[in-house]
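Since the structure comes first, as structure tokens, the remarks are kept for the end.
Letters are used for the chains, namely A, B, C and D, taken in the order the chains are written, and counting of residues starts over at 1 for each.
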């Protein structure tokens, strides 16, 4: 277990440094997690700068979001991570980032629709640009259990969703591994910048 | 004292390198300070590039802005730092940066208003996105004592303000520590980019 | 041969790191190749992140796109590389990147036309800004042989073309050496950003 | 002399790396020079990538633009450097860069006018934002002696000009030292981005 925890922590620290270089984790926004086992995850602790994480910036939690390491408080948004791990045992990593484009689009749209972009193939089971990618936008809330219930219900009805936005608050996406979730972040941020630039040209 | 000075200098040098990587301290613009005690601050000296500071780029000053190190001249805008330290003993760091967005917004608006952004929670005593953040814009002036008096009067009337813009000249913000002030810079620059992009979409 | 392969691999790895720093190779998009001889190329293997390539991320292929290294699968788009090497023995490197600007322009234009830009001189046989550079846009397809045939036919009619876009999918360009192809990427991406900004100002 | 040459070369190499990180020296555009004495300059040689210069990428030239080092060819635009060194013995460095903003603005405006920006104080003899900065735009030409004559005549009439643009071709600025010229590049590029963003908001 310890070796796995150490490897995942290293991968999440590197992910945070990359996101910081792009401006996607401003201030103490964002949070990252990875699965340690059937009933346990590793997650960033509350109040850290996600671009400057060190080994101390993480703790273990169960799938109900209870801390398993004494004296540490998990991110306030832990419930939005655990809902995904409970839904799907194949999910090994959940990443939440907070870019300008994700924020601006989420404040102007009810969903982000992507058609005809080759990069849509970055997602599992998509093998052509000639597909239709829909990223829903949920209203923001400080009541995380309520927000997690909204997400859970949406996924019951739309199981193939690859990520979602919270209004004014950023992006959640996931994958089997940290590398997979990271690829989804890169693909979605790329698409958000494309959609923003298209909107500017369309006015 | 010497150890504290050394640590704060190191933190301000690193802050400057980060700002430079983002393009927020062009030419010899911007200046940074941190509190050394009840009546003393550390501040960048005049004419330095703030992205390439070394230990020699700082001097000590009292809260009236007088140099306490012989042969060095504090930044011309020292009075805008000292007014904050005099107002509030809890302030440990004042940062002034000079980004394109801060400059452009300050030339077109009398205040920057932010509503519904999750990142507003980066500021003390804000615990929901459902708050209202107002960043005032003051006219620029080469008469720093006069400008400091305008700032001082504004804060008497609006004590919860977290930062302000000077027209065509950039951003001032602060915090209990260098890390707090840095978080405020990151949050405000993120918000300025969001507001600019919203303005483009709104035309 | 081995020394040449090693040198070209190193150059392509560095090219990928540079493109990643600019955001031009998101997720596992893009692919790179270089000529090893009359009938052999080095090409990135399928599914790699092109900003984090290592020596294992490449394989040798013939000019029909067949793998020459056992157990490795070349990029799905190998046929768009080999068509160029077959057409012109002077081509030593083919680079495909995937930037936001290339994507957005390719979804709105049938060709990108550049006039009066000094940087047009980055291309062979262009010695004045007072030239006319035309980058065609081809419809995207998951049928690479069909797409390669479209490209081949276009070049029969337009032999002096220096690069092309695939709709929603990015840029292909080439050169005698990796350095030459890299210079063409830089020049074309520069021009795409100029054209995008001009389009915004023209609305 | 040798120590001075070595120091200036190191400073120009570092300047090129910084410009490259900002995207201001795409492909083999741009060129840099510094004064070695009353009648001699150091200048980048033709065809180099200005973000990856090494010691071999420079040569000495006289103030008429003749190479003083055998076997090396100075930049095609050497005449635009030497005209400045001949005009003013206080000039120690001339930098030419090639950014997207400089290019786009130069293709839409006959002059770039800046008013009310604090960063205008980056230029000699400007001590207030309440000044008026005018950057002229000259038509591009491959006839460098003719272009140098246009520049020379303009400066006879407008001796306080701090930089100029060539249409579709980028920026020339200078200073007493490499650091001074670099500060002017940073200030002008900052202003160009501000002016571009203002133009977008003004449409």
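In this text, a residue touches a chain if its C-beta (ideal position, glycine included) is under 8 Å from a C-beta of that chain, and two chains touch if they have at least 3 such contacts.
Note that the structure is a prediction, hence the values are computed from the model and not measured.
Peer 1: By that same contact rule, can you tell me which chains touch subunit B and subunit C alike?
Peer 2: Of all the chains present, those in contact with both subunit B and subunit C are A, D.
Peer 1: Could you say what rotation angle superposes subunit A on its sequence twin subunit B, using C-alpha positions and rounding to the nearest 5°?
Peer 2: The superposition gives an angle of 90 degrees.
Peer 1: Let me check something: if the centre of a chain is the mean of its CA atoms, which chain is farthest from subunit B?
Peer 2: Comparing chain centres, C lies farthest from subunit B.
Peer 1: If you average the CA atoms of subunit B and of subunit D, how many Å lie between those two points?
Peer 2: 32
Peer 1: Let me have the rounded angstrom distance from the C-alpha centre of subunit A over to the C-alpha centre of subunit D, please.
Peer 2: Chain centroid spacing, subunit A to subunit D, equals 45 Å.
Peer 1: So which stretches of subunit D touch two or more other chains?
Peer 2: Residues 200, 203 of subunit D touch two or more partner chains.
Peer 1: Select the category (line, ring, star, complete, other) that matches the graph of chains linked by touching.
Peer 2: The chain contacts form a single closed ring, each chain touching exactly two others.
Peer 1: Can you list every touching chain pair?
Peer 2: Applying the touch criterion to every chain pair yields A-B, A-C, B-D, C-D.
Peer 1: List the residues on subunit C that touch subunit A in their complex, please.
Peer 2: Contact set of subunit C toward subunit A: 23, 26-29, 49, 98, 100-101, 103-104, 107-108, 140, 142, 166-170, 196, 199-200, 203.
Peer 1: Spell out the part of subunit C that touches subunit D in their complex, as residue ranges.
Peer 2: Residue list for subunit C touching subunit D: 22, 116-119, 122, 127-130, 179, 183-184, 186-187, 189-190, 193-194, 197-198, 200-201, 203.
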